[in-house]
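In what comes next, subunit A is part of two complexes: it sits with subunit B in the first one and with subunit C in the second one.
So, the complex of A and B:
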């Protein structure tokens, strides 16, 4: 009884500020002049389908690249010999963690612009034409820059839980570092890696700042940008919400996996 | 031979990693001091502190009217502080209950409290904006605080519940057995032991609110210009001013993140900003 009473205010906040607007998004997306309609989804399909596909593959590709880089960094930090290079990398790779996404977006605007630092460097190295980065390339670079260190940090915490004895035993049996990674570390931390991937992918799909500041209204762009335009320029909540529901669907498989994993663990860790 | 190849390879990888992390950052710093920077010079032709003086409000700038970083910073700090207080007042009791009592429908509650962590928040903010219009909350500090509080509370609940779970119930039982009342036990035993964890969640909520973008964009603009909003508005047309405000935001965020990194799992850190 006392327990329910103490949880009640938090529950109210979630119901009023989250669940209600969440449900509203679904409701509005199916509501037309006279009841149930699919016309808003029709418009999403006609006008924004390219962006839906674009959001999916850029988010997924970025998460895959970030996962591979994260695994490599974590494996090196777990298996590599202790030397100055390792402690240097151990400090270095964490820097992007300290930057909020809006700062990363501003930074990438200067770095990836047609006349930005990267193109300047490439020009001085002999490339004749500047590369246009304010499209999927910039988006993927920004996501990976920000996500790979997180993946490395999460995966490393998993790798550190694998006991030294397992690794030593494999090494004594003649396994290379690569085999230790693929046959000991990764199989033993499969869930940690999967959770890190699900989080990175879901947060890429949900990110508004980076595509908004890098790509803006140019086509193709991310769903989040379309939602903002639909609302701020047209006051069109119906299409915006249909797009919103599509973005829920894009993360749903990963979200359900993550939620099940979390509720199953039922443990609370800091 | 073999070891020297290995060492060379390691050095190359370290240098590539160093460049890919540091080059974008250097660009940001260079831009904030650039007066003239024409293609294709690798560094600005003319450096100066003009835009920094404007950004810090030490000199009146032509850009962005009267808004300087200091005004935005004040908004950001006020909103973050209120968000912290409201969020903790609600999340600490809930966390204590989740850690100590049997609460009905617990799996369902856990599910609810996890949902905002994985599903995109932007569609929720879009509809909150519409709801808030009817209560005149759009463009106000209370509106922005509510927008920040909802996701921040979810994380605060997890961190605080973990904190209370880590305190052995035997300590509380012993205090009760030796005659202390429920309130005394809470104030003298439980809360003091929980202080480090509660501090961690407090810093987390502060930084979450301080770096928050999407909610403020829909609920706060154009009246509530927090630091991330100022940075965004300047980004389109004033590279130097935007870079300077980005650096201010970066320094404050990094300082708090350094604190948090010691106490919280990486999964939490990834949710800020």
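So, the complex of A and C:
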């Protein structure tokens, strides 16, 4: 009884600061002139469905590529020989994690512009026409650039929980670095990798600055840009909230997994 | 020709010299123990052989080929770790099959071989268990099966029995011995337990502070210690410094600090020198009078079940005397004879 009284303030804060605004947003997305309506969702479907799909696959694809790169970086840092190159990379790879997305977006604009660094490099390699990067390509490159180091950090913390002996036993048994990665490290840290993936994916779905600065209102664009557009130009909170609920659903598939694992065994395995 | 050789191998960790100028040779089918106290460099030596640690200098030779730079996965050695190091996400079957899969064996061949090796270590029927569902002894058997499955050229074992209780340890020791003998597999066995080394090995290399101080058969190591370290580390030895007065064949006459003169055998592995050490193990001491005897007083009596052990104060020297039955009591005076063929003199 006293126990439940003690958690009451915390519970109240959660309800007031999190659940209430969230519930309100959901409520508004279903409210029309005469009470309950699906018209906002219908608008989402008619006007923005392409963007919903676009948001899903760019976020997912970026998270997959970032996961592969993150795993490779983490594997190198866990299995590579201790030398100056490794300690240099060990410092370097974390920098993008601490850069705000708006800075990343600004960098990407310069890097990916029609006469930006990347296109000039491609031009020098013999490409005649500059590639248009201010669409899904730029978005994916920006997301990967930002998320791969973050995933490397989390996955490496998982890899470091695997005992040296387990790795050495595999080596003596005939496993190359790649087999150690696929047979020992990844299976033993499955959940850490899945959680890193879910976090990166969710953060991609929720990012506004990068799609806004790279793609803006051009079609297709990210849901977050549509939400801002809906609010700024139409003052249409109802449709904006409906879009918000849809993006929440896009994320929640993985969020459910994340929460379940958190509860089940803490963030790290044995 | 030896199958595996270490040539002047040295490894430092910062200022600590873990392994210093170690050379050794193991013949095909031979079981060699690296025996020494904790921290003397046994594991580091074994890891250098496995390829898990790179030596600072020296070389590892396998079948006449220098493999010092060869990564562990290309050496075709098997290793049993002190804490088993079984992979927790794999069943017993998958643990044992791992090395075979890495070598690209076909599925049916893997199944057949895993079955065979599990039979050898008496774990048939446990294939689908996970390591956490096994006892310590069973885990150790899986670790052995895993190391043996690919028929490695050399089997490396690092204190494999040290985490087991005494009774199980002894049982497994005998079983291990018969398995290794029946397979005729070349084995390097690391242990700090002399009884284990004696029971298992063809040859023992005694290590101290990063160096190999003596290599020989268990009998040679026990009976002909090369120096004071080996003499005192092996057996329940009591060592008394003295000076060697004369040598007569294999026997020497040593004078102890209290002026007493005793005859004892000179170790063949230790050239006689004036500065000497008299090594007295319990089997060299018995109740009796006459030549080569000392006057003693019983200072402690310990009942050990199958025997009684007495601590004796003998003219300034502490000795241990064993007896099957209680024959003395604390405070009593008695004379003991030192058997000159069992007391050993080594140079210091």
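The criterion applied here is as follows: the second predicted complex is superposed on the first by the 245 of 270 C-alpha atoms of A that agree within 3 Å, B and C clash if a C-alpha of one lies under 4 Å from a C-alpha of the other, contacts with A are read in each partner's own complex, and residues count from 1 in each chain.
We take it that contacts are C-beta pairs under 8 Å (C-beta built on N, C-alpha and C of every residue); 3 or more make two chains touch, one makes a residue touch a chain.
The model shown is predicted, which means the values in this text are computed figures rather than measured ones.
A.B. asks: Would subunit B and subunit C fit next to each other on subunit A once aligned, or clash?
C.D. replies: Partners fit side by side after overlay.
A.B. asks: Tell me which partner A:210 touches in the superposition: subunit B (first), subunit C (second), both or neither.
C.D. replies: neither
A.B. asks: Applying the document's definition of touching, compare subunit B and subunit C: which contacts more of subunit A?
C.D. replies: After superposition, B is the partner touching more of subunit A.
A.B. asks: For A:11, is the partner it touches subunit B (first), subunit C (second), both, or none of the two (neither)?
C.D. replies: The answer is first: A:11 touches subunit B but not subunit C.
A.B. asks: Once the structures are superposed on A, label A:71 by its partner contacts, choosing first (subunit B), second (subunit C), both or neither.
C.D. replies: neither
A.B. asks: Please work out whether A:140 is in contact with subunit B alone, subunit C alone, both, or neither, and reply first, second, both or neither.
C.D. replies: It touches nothing on subunit B or subunit C.
A.B. asks: Which partner chains sit in contact with A:173 here, subunit B, subunit C, both or neither? Use first/second/both/neither.
C.D. replies: The answer is second: A:173 touches subunit C but not subunit B.
A.B. asks: Applying the document's definition of touch, where does A:96 land relative to subunit B and subunit C: first, second, both, or neither?
C.D. replies: first
A.B. asks: To the nearest 10 degrees, give me the subunit B-subunit A-subunit C angle using C-alpha centres.
C.D. replies: Roughly 90 degrees separate the directions to subunit B and subunit C.
A.B. asks: Report for A:157: first if it touches subunit B alone, second if subunit C alone, otherwise both or neither.
C.D. replies: first
A.B. asks: After superposing the two complexes, find the smallest distance in angstrom between C-alpha atoms of subunit B and C-alpha atoms of subunit C.
C.D. replies: 10
A.B. asks: If you lay the two complexes on top of each other, which residues of subunit A touch subunit B in one and subunit C in the other?
C.D. replies: Of subunit A, residues 270 contact subunit B in one complex and subunit C in the other.
A.B. asks: Please name which positions on subunit B make contact with subunit A in the complex.
C.D. replies: Against subunit A, the touching part of subunit B is residues 10-11, 14, 17-18, 20-28, 30-31, 39-42, 90-91, 93-94, 96-104, 107, 109-131, 146-147, 149-150, 153-154, 157-159, 161-163, 165-166, 197, 200, 211, 213-214, 217-218, 228, 231-232, 235, 239, 242-243, 246, 249-250, 253-254, 257-258, 261, 263-273.
A.B. asks: Using the touch definition up top, name the residues of subunit A that touch subunit B in the complex.
C.D. replies: So the residues of subunit A touching subunit B come out as 2-7, 9-11, 13-14, 17-22, 24-25, 28, 85, 88-89, 92-103, 105-111, 115-118, 120-121, 123-124, 145, 147, 150, 153-154, 157, 195-196, 198-200, 202-203, 205-206, 208-209, 213, 224, 227-228, 231, 237, 240-241, 243-245, 247-248, 251, 254-255, 258-259, 262-263, 266, 268-270.
A.B. asks: Could you pull out which subunit A residues touch subunit C in their complex?
C.D. replies: Within the complex, subunit A touches subunit C at residues 163, 165-166, 168-176, 179, 183-184, 187-188, 270.
A.B. asks: So in the complex, which bits of subunit C are touching subunit A?
C.D. replies: Going by the criterion above, the answer is residues 50-52, 71-79, 81, 83, 85-89, 98-99, 102-103, 146-147, 150, 156.
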